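Consider the two complexes below, in which chain A is the common component and chain B and chain C are the respective partners.
The block that comes next holds the complex of A and B.
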């Protein structure tokens, strides 16, 4: 420890700017938040000690209960969707093809723009006469054509795979190489056949768009919750669903790139060996991709949980366009009690909610780590 | 299992090879198809918003990708009208001495006598939101609408197409006015509006009235009308300066200093944590980790109060009683950014120690070792840090929202856009909001296109926003 004492002074000098900020804006601030959470304080009168009263009051506050429910539902749904979505898209894109850099940048574009810009764009898309409802209408009206395309693809693929399997069994007996259900060479043919057949059927007038009425879901100015029959803790208000879509959309590319980077390190030979042994795409995905990505999945789920549990921006941006209780989250609840507009700020109450949010985040992240680790060890 | 003959075996191998080649090609084709689809999904909303931001009404149903604003023929017409209105083919306007000729074509069915429509310059405010409360000069007070005369007539299926011409003049003296709105009313529903020199902004009363926001837009004024409104409509109450320009420059200043501060703090603290041995080092490092995890909401109550009081009166040394509503306060509180410190610590640890140790033998002090040897080696990491810090500052939402509240002049772009949303969103005037959003996203997108590599490095550090 001789060296450690000698380097104290230079270390202090190097750390001085950071330490000053850290002490004032982190250590002192955290300590004060803990203290405030036990007091009744409105910024004008001196804080009065009330013990655990604020924490008890939290669970009697309607908005807090809504915020808690919304935060938990939001975190559960979005973390699942974004992790699964990122994982699937990453393994679909894990190819060495020319122009990959270009596509990677294209995917990452939504993630570099600010949350305000993306949220405003989605707020516009989710208007009653907006792009989302229009897209739903278009899909509903063109259901015959879409259905025909999918059906013909499936039939063509099944027939081809069946034929090929029979042929291989006859020609190269003893070959272990089975034709996969989604074999690319056959799939291209099936898709082309389906596209051609659908076009012809369409021209012949068999797939006329249905005259369904335009879908005009009220996504924003509504207190409607889905799924309708579910108990309160499992329902999500429609405006929150809109935010879920937006959030998954911006986070999937980021997490997908993290998965892609990790996938580059998985040796190709694993997949080749598995293919030789006749493992299909799904088996490769579950037995090679997922186990190799275990540490990154860890990281992504943790980052996802932290990010979604503390979601704030979107609520503030949706603001008056939606009923508060439909989108309020714990993070916004804290802000709302600190700056309640015309009323007196409830600093103590807000701090208690903030402490609750911090504890909840920590608990859920730790729980997730234990569960995922146990899964990984099995 | 039967043993196959040698000949069939060779044929099978050939067939197998052709089959494999076909599979490779198909796999590549499918990969590109999938990637194109994904790009469409991920870029779709951004591109659609960019295309729609030039529309007069981005909520028009059904939504279309292309609008009249994107047609070159209309740009030519708009340029010529802009020249007639104010001698300004690019940005248009309505100036003294102007004589604007505007033509409209109607369909008159057989058995109906064609009648001239009536034209007038209405006293209409631009859009909703701020445009609805501003003091403006009305073109109606200066314009003189001439008689509507028939200029052409040709046969069409089941009737005739009749073209009328109207002249709008600006006799006498007066100010140059931005817009020259026009309403043209058809004498009857049966006499149907078909086309005009410029397409109407909207058809009102079931197609009876063709209504124009301005008939002298100029080419750019026609294409980028919403973008122009972003700059011109919102003005500071005190200085009259364009708010959007002000927000943009605020954001640039904030981002610039935030980059400097991040560099200074992350490199010095990261170096100390990576290389120097001192008591309490583990404690500091633990705090760095904690600071990344604790929600901002826990800290913001106290930090808000500390800034309100000017860090216990410290700020009164340079004459500011409070650090709220100003960039210095924002810079102080966002200097607590433990992520970059963590990144730099990891990076410095990955550098070889030998170079530094030989410098130490030569008697170089801590500072010169840091500034002359370590920092130059850290250039790639510093590049990524600059980009991430800039992006972080440019997109920063929470702290500016808390600290920069009044007046509008102190805000940064994201918070300013929120003002736009509150003012315009409720009246459904989305053109201006989208234009502002696209404009505010441009700098980061340009930066991203130029310095992609650094952004991707940022991803591998586990950065990336929610």
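The block that comes next holds the complex of A and C.
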């Protein structure tokens, strides 16, 4: 039904402030960028029309190819990790336990902390003599003690579970209430036994720390790529891995909050019914939690893809501490060509890269939409 | 921040109060520690004289990335009337056509020729160097005494210098002979000593020549041999920091280290000497670091802006900067300055930095129109070798191909 002019006018008036901002800062700016992407322009001389030359030049530029690969790998890995991580933390925090508010706040902290500050802290952690290498060295040196602790825990737990199951089988054959492999009560006992045994062994001098050399992995100032044997499109430079860890750390809490909000709407009766039918925690998670969260998963994956494909700030702050090709992403490539230190800016080239990034993001999100839709309809 | 704001408000009110009578000239410079000094220079040294001529300076330090801000504001037409142009980025800014040619407006012959050359193109001078700096070896006398090693001196070559550092490093596991960063801005000076130049005769770059490779091996070898350490590995931000904290006996820096040492290590007994000589050529090398004042070609108050530039580079202004221990004057007439013969570690160090400009093979800290991007591949190679992840041959050929690609991209 068509709206009459009388209704349209007030609506437009109310929309005007927003529309004005949208037109000036988005439509106009985007249109200019599209135009610039077909020109040779350096901010100082008039733009000269070059047709598709900038787009062709993109694929001849090594840095662009690195940026494209890095962006795609980064988006794939980080979106997966952050969605899974957020889902798991959200279901863990969606319980009625004393003190849960504290954990919810604590887990959300990384998201409200400035990403610049976090990046600087991570730069320290990943230095050659930084926290990460220190921790790895400590683990390597104390491997005998850690190994003994883990081994004793596993043995104690296995023995206990085996004993309990035997006892139950005797008492009530066919009962579904068999003891789980990781039964919490038994696990506490196992851990206590292991801690005690390890301490005793340590005091007897059987678990002396090894004199391994300090681990000094060069996380940042390197061109090394992992996994080493994989073809170029599937490798990630080590410094980018450091940024992936950091990015996942800071984005998981935000998405966790979305999942947590959605989880509150899943009726408790579903879980109760499933439990009565004998579904265990994992089955409940995969058959109730995930299907109920389908729309939110779509939202989280979309936001995650858009955010990771356009990741810029963390690369900018890592800046000159790392080789450019090891961290460059498409968004940083655009910035790098637009503000190339002391050279004249390559506005046309940068705009072409920006257009490519926009098209790529749109294409990937649309693809993701069709895939997730199909999953949902099944 | 609040003080800056207040200062800006006062300046603004003063400007409004005297509107009509006064011409306002906008001056832009670096942020950081610079604004305090430049503000004092304007208030105490040159302000009154300019005010008498009806000129008020509106000083606007730029706190973020200076070059980026300048490119943007120049293209948008919002740049100041007078502003800094760093030597290493000057060719790029001259190419924008937004810098006023000054040779007919200012007496450029009063300034050191090599400095004018840094800001010149096709016979035009686009900036007047406000001051300059070169590199010197700054050493901690106590650490050398404790190790029983002679202080570094002008006769040292790379071999004897490295030997002295190694002997100081042997003193204690927590002390290094030197603190050096993976930085082309230092390595280049040693390569100059060997006869290498930033760009070859054909305009290309040769990083695999013996002249460069030898300097590269010497410089990175200081770290790989354990005689020196990188600042980051000592938890320091830059070599001056290691020197101030007595973690290293030597830092290779310019006169900018003096103010830092004065504030952070007032009791440090230090000396300064020239960079060691290449064993091959018997010469030392050095970089000439400089920043110029330039005038905006589109300035609406061009005449006043030129007067401000003259005041900012006047003998009185330069003497003030020198005595603050910040940088060496760019005027020829200040070369025989009584300040240099004062009996203090600072004055002696300043003299070494001043004479460094004419000691051996000295070239401007400048990299054509690609600017400081030039240093990226070489810095990466240095880092890779210093951290032991690659050999120097592989690192240098990687740097060579990266740098060649960079130059080809930048070529029109």
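Criterion: the second predicted complex is superposed on the first by the 347 of 378 C-alpha atoms of A that agree within 3 Å, B and C clash if a C-alpha of one lies under 4 Å from a C-alpha of the other, contacts with A are read in each partner's own complex, and residues count from 1 in each chain.
Basically, a contact is a pair of C-beta atoms (placed from the backbone, for glycine too) under 8 Å apart; a residue touches a chain by one contact, two chains touch by 3 or more.
Computed from a predicted structure; not experimentally measured.
Participant: Specify the outcome, clash or fit, for chain B and chain C once both structures are aligned onto chain A.
Facilitator: With chain A as the common anchor, chain B and chain C collide in the superposed model.
Participant: Give one of first, second, both or neither to describe whether A:121 is in contact with chain B, with chain C, with both, or with none.
Facilitator: first
Participant: Identify the partner contact of A:131: answer first if only chain B is touched, second if only chain C is, both if each is, neither if none is.
Facilitator: A:131 sits against chain B, while chain C stays out of touch.
Participant: Touch check for A:224: first (chain B), second (chain C), both, or neither?
Facilitator: Touch status of A:224: second partner only.
Participant: Looking at A:153, would you say it contacts chain B, chain C, both, or neither? Reply first, second, both or neither.
Facilitator: Neither: A:153 stays clear of chain B and chain C.
Participant: Just to be sure I read the superposition right, which of the two partners does A:190 touch: chain B = first, chain C = second, or both, or neither?
Facilitator: After superposing on A, A:190 lies clear of both chain B and chain C.
Participant: Is it chain B or chain C that touches the larger share of residues in chain A?
Facilitator: Greater contact footprint in residues on chain A: B.
Participant: Which holds for A:343: it touches chain B only (first), chain C only (second), both, or neither?
Facilitator: second
Participant: Given the touch rule stated above, what does A:22 touch, chain B (first), chain C (second), both, or neither?
Facilitator: In the superposition, A:22 touches chain B alone.
Participant: May I ask you to decide whether A:91 touches chain B, chain C, both, or neither, giving the answer as first, second, both or neither?
Facilitator: neither
Participant: According to the stated criteria, A:251 is in contact with first (chain B), second (chain C), both, or neither; which is it?
Facilitator: first
Participant: After the overlay on chain A, which stretch of chain B ends up in the same space as chain C: 256-264, 400-408 or 436-444?
Facilitator: The segment of chain B occupying space taken by chain C is 400-408.
Participant: Shared contact residues on chain A, chain B side and chain C side combined as an intersection?
Facilitator: Correct list for chain A: 43, 127, 129, 320, 339.
Participant: Which chain A residues qualify as touching chain B in the complex?
Facilitator: 3-5, 7-8, 10-12, 14-15, 17-19, 21-22, 24-30, 32-33, 36, 43, 89, 92-93, 95, 97, 99, 101, 103-118, 120-125, 127, 129-131, 134, 171-174, 183-188, 214, 247, 249-255, 257-258, 261, 299, 303, 306-308, 310-313, 316-317, 319-321, 330-331, 334-335, 338-339, 347, 350-351, 353-355, 357-358, 361-362
Participant: Provide the residue numbers of chain B that touch chain A in the complex, in ascending order.
Facilitator: Going by the criterion above, the answer is residues 1-2, 4, 8, 12, 15-16, 19, 22-23, 25-32, 34-35, 38-39, 42-43, 45-46, 48-49, 52, 58-63, 264-265, 268-269, 271-273, 276-279, 281, 284, 287-288, 290-291, 293-306, 311, 332-333, 335-336, 338, 341, 366-367, 370, 391, 394-395, 397-398, 401-402, 413-414, 417-418, 421-422, 425-426, 430, 433-434, 437-438, 440-441, 444-445, 448-449, 452, 455-456, 459-460, 462, 464-466.
Participant: Tell me, which parts of chain A touch chain C in their complex?
Facilitator: Residues 43-44, 61-62, 127-129, 218, 221-224, 320, 323-324, 339-345 of chain A touch chain C in their complex.
Participant: Can you check the complex and tell me which residues of chain C touch chain A?
Facilitator: Contacts found on chain C: 65, 67-68, 71-72, 74-75, 86, 88-89, 91-93, 95-98, 182, 232-233, 235, 369-373, 376, 379-380, 383-384, 387, 389, 398, 405, 409-410.
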